[in-house]
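These notes concern the structure reproduced below.
Chain nomenclature is as follows: A, B, C and D, assigned in order of appearance, with residue numbering initiated at 1 for each chain independently.
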């Protein structure tokens, strides 16, 4: 892997999800230690053992997964870990004043004592950016800074990056939005499967070339054929709304159908999935599964009725990391019985599903913590196959999963649908949704704003629907 | 006049209390506080019952307050302070520590409250009355019994109470004094917290580890009782063991007398606190009370055994009570 | 093979070490009568520790087992049972202890307050109720049936040891063969994942606390039988001992480790070490230091094994 | 521009302002405390509101204040320290050794720091669960205390006796210890960068680390602070009791956790703080004192205390059930 940044230049890093962009950036910021290789800055070798080392070396990072602490205030977060840079510890008033100044430069109206956890995602992203640029650094790393931003915020950010360039700073910019890259960046480095593909000046290439470099093979090969025909409705929501949802939604999932939910970061995808799975109290509307009304039954009963949830955060919400594969896979199945039911023995079915999903492990008694991310994801999928779910609610099914495992997962999802089941899936990756699904919903600010067949849908059209127009004020918090 | 238990005698060098100090409090309506160590065993429970019963007998006592320190000296200091805040006329205290409560006791004494130290001593001159059992004698009586019974030579084990409590160290010092100059060898020593269950385990381990045990010195009756049962269970011949004036132990003694078991039962009377309460009333009334009393009770031997043992009462009863029989039946009836 | 070897609880290796030590220094320690005595000593604490295993594996803790045992003892020794079959007293005592565990479970799941604080609170309440119920009197003697359970023998085997074996088998079945056991490990390992898999997370925690109460009460019955009389502060030291045995048995809070076998071995190790120390004439301070070192060593070694694994 | 953001209702502030959000528990416990004070003064009258009683309270509560404040640091860093009771015992044992006074205090502090470091390293680098680690050290330290001082006694350094039981401007010494400890810990937590880093670490050590905070050191430091607070509490107790006692600290170990928990510091870390702990300790102290003054039977006191504890703690609901 090689990557070179020049002063006053913006260098883009692109690649598919899981290509290793964030990992590379984390290496540059001292969060992850490289196995081998060198980092050279101004002719000197850098040894980055700790995020502080990177900071001292003049590298500032705006992380993709925020490094903010929700229970600290905006001001505390902005100066966290570098209160010392400012000499003596600052008084509250000083801290507040300096924070306000920094925030106002990004046209943000947020009280400095505001708890970060009480801000919307867009505002949090802006705070993360403010924090990054507050640092006195010569290298700035932006990892997907615009994923959660509204268009006018993007404008503010771009102005800021232009200014940094004018000041002679080096900028690394990671984004999936190629249009942005072509307006902003001077060079593009393409990564794939954790490896360097090539580096080209922006002026000498075009979007198609970049995409080809990222994907490396035609996209179609990754996905299965779509459903030939869709059977009767399996899951139907009519004006359904959970406590955490901003708006009621209407949606259907048919037999054999995979329905995708597209949208920008944190537009209510997770709230929708959790509400449908029953982990949020119903506020209104109705929900039916195979014609049976399940609006008022709790999550456990919905699961028993045939709904399964694949949560986004595998490690936090999906897996029992210290238990073995069999225990993880059988958990939902066992959960259906009473407390005093006998547990199933390992059983053919479990082994069968392990083989079907091609889980790479010595045996079913291997602890899941020994598995790679992709295999762990297969275990979570296997759980619902084993439990005999009819409708899968899949959050980000291929997050941080390599291309081979992705293919396997797509294949399994399609096969699952073909057996007379239905899937509702969210993903940040539009190409994935287009390739995988039969029909696509676009969610914006908690409401479903578009419902189109996946066949013929383009990233561009989806993005257009997903982005808030400046008139409807989709992100109202940022005044 | 208040009369104290006949088992008490003025200690050597004791003087009459100068009751003029307490004249201002002589209004015939006293508040008396008892600061107790803890509530964790049957000896303390009987002590509490007797003290309360005794307090009930005095019309002069308007209010009788009890606190429990749960073995925590800091809490006992707080308890005494809270009593002072309530305006007690006398404090009867069973100290958790001979030194830790001294500052607060001195404060109490200086403010004109009668301070009665009972059952365990505290290192201060500022006490109105002390009522103490001679714990060194308790241990020595047992030690001398063993020396006699073993003809001055043999291997013994020692069952001790709670580490770091003066009653325990005093008793053991008495016993060790008795063994001095003899050929008695202590082959095993263990703290069993004066508790039956712990003593049982300790005795089991020691008995099996030492094929030869000629005698057992014990700091309390429940522990001896446990050890007798262990020996019986292991099928070993009973050896002389020292005991204590407790009904459970007497029961075991009676039962095993035929097997040649012999013992001695020193007393550590439960009524000391009750007499402390009485002494407090006496001092406040202006009666003749001495500054220090010693329990003059001699240990019980096999001779008194039959008359003292109460088969109608359970093991928790401590022999030599001041409680009336109906109260005893209520507390310890089988 | 290496995996299962690595998964053996620290107590297993500890027992081997202690056995070798005893064989060289105190050979009579390994004689059958002595082992039978160890077995009886270990039985009551062993059952309490088995109960503690459920809650610890479920990422919780019960600090009220000591008060529970004392309460069971008060009930068993109360004069009010003189007219009834001794069986009645046992059933009532077990029911009371189970209810204490159930109450802990309800409070921990419903109030979402820390189990440390909640079970300390219930311990204080139970102790107070016990004193009020008996007026502080230690109660009369305990029925022969209970005494037989605590002290009796079948041949040379102590009844208490057999009872312990029974409870260990029951605990093993619950933990390894019933859905409840799976739920306990799963919810202990990751309560959120458990929720999203549809496990009855709260009911599982409630059940493990209830079971802990029942096991503690059962240990209390055996201990009361061994003592044979009402005793006020009975079992106070069982809180610490039961947790120690569970840790030696390889359980950590949550984390899917530990189990009935581990706890049985942990109890055996604890009781053996304490006895050996008594035999060696080590005083109270030495025992405390030894106990601390053993706990720390077990926890550290086990944790390193898991990390490298 | 700032105007709009700063006009928020109290409820909104509790939810939205970082400081208030983390101190919601403290607010609640001060409300409980207020109710208790009202209740006690109404029912006990001058027995409760007397100067002697207030002075007594200050003396009685100082040690619990000191350890609870130390414990608060550990809890904020998402740890747990059960060994403070044993450290107190060890301190009183060291301070009453037959040894020149000048060496004793440094020795006691050094011993406490060692215990804190062992706890910290065990929990952070060896990754032993805090409850297990500190349970183990607690047992070891208690054993050492018993070896140094097998029975209560010994002579406390006169300086400590004066410092712990004298009076200054008519107020008992304990009062000044409390004020000093409270002021110092509030300043450290709310007025220094260490405090912010502590909250960050307790909330999420990984995020804290990414922000350049040495989270492991912070976590270890909390155990050292807690042990040192325990040592200071031990020194105070030695002075107040004018002697040493190897068992004196046992009860304070769990009480310190109760004090912090009653003050709204969550046992899961990152929420709460010393301000709440002040209220929490006062609640425990008033409960003891009030029950004693009201002359309630010790038997009822157990029930009362347990029930109060559960009731108060149930006000601070958490996301997780368990430990």
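Convention: contacts are C-beta pairs under 8 Å (C-beta built on N, C-alpha and C of every residue); 3 or more make two chains touch, one makes a residue touch a chain.
These numbers were taken from a predicted model, which means no experiment stands behind them.
*Asks:* Could you tell me the least number of steps, going only between chains that touch, from chain A to chain B?
*Replies:* The least step count works out to 2.
*Asks:* Could you tell me the distance, in whole angstrom, between the mean C-alpha positions of chain A and chain C?
*Replies:* So the centre of chain A lies 46 Å away from the centre of chain C.
*Asks:* Averaged over CA atoms, how far is the centre of chain B from the centre of chain D? Could you give it in whole Å?
*Replies:* 36
*Asks:* Rounded to the nearest whole Å, what is the centre-to-centre distance of chain C and chain D, using the mean of the C-alpha atoms as each centre?
*Replies:* The separation of the two C-alpha centroids amounts to 30 Å.
*Asks:* For chain D, write out the residues touching at least two other chains, lowest number first.
*Replies:* Where chain D meets two or more other chains at a single residue, that happens at 146, 150, 298.
*Asks:* Enumerate the residues of chain C that touch no fewer than two other chains.
*Replies:* Those would be 131, 136, 284-285.
*Asks:* Judged by the touch rule stated earlier, which pairs of chains are there in contact?
*Replies:* A-C, A-D, B-C, B-D, C-D
*Asks:* Which residues of chain A touch chain D in their complex?
*Replies:* 29, 31, 50-52, 55, 63, 67-74, 76, 80-84, 89, 100, 104, 109-111, 113-118, 479
*Asks:* Which residues, counting only chain C, touch chain B once they are in their complex?
*Replies:* Listed in rising order, the residues of chain C that touch chain B are 26, 28-29, 31, 33-34, 37, 41, 79, 82, 131, 136-141, 151, 223, 226-234, 236, 275, 278-279, 281, 283-285.
*Asks:* Report the residues of chain A in contact with chain C in the complex, numbered from low to high.
*Replies:* Touching chain C from chain A are residues 277, 279, 299-300, 303-304, 309, 311, 316-323, 327, 330-332, 334-343, 365, 367, 383.
*Asks:* Over in the complex, which chain D residues touch chain C? Could you list them?
*Replies:* Touching chain C: residues 122, 126-129, 131-133, 135-147, 150, 254, 257-258, 261, 267, 298-307, 309-310, 313-314, 316-323 of chain D.
*Asks:* Given the complex with chain D, which residues does chain C contribute to the contact?
*Replies:* Those residues of chain C that touch chain D are 58-61, 107-109, 111-118, 120-129, 131-132, 136, 191, 201-202, 205, 240, 243-244, 247, 252-254, 284-293, 295-296, 299-300, 303-304, 307.
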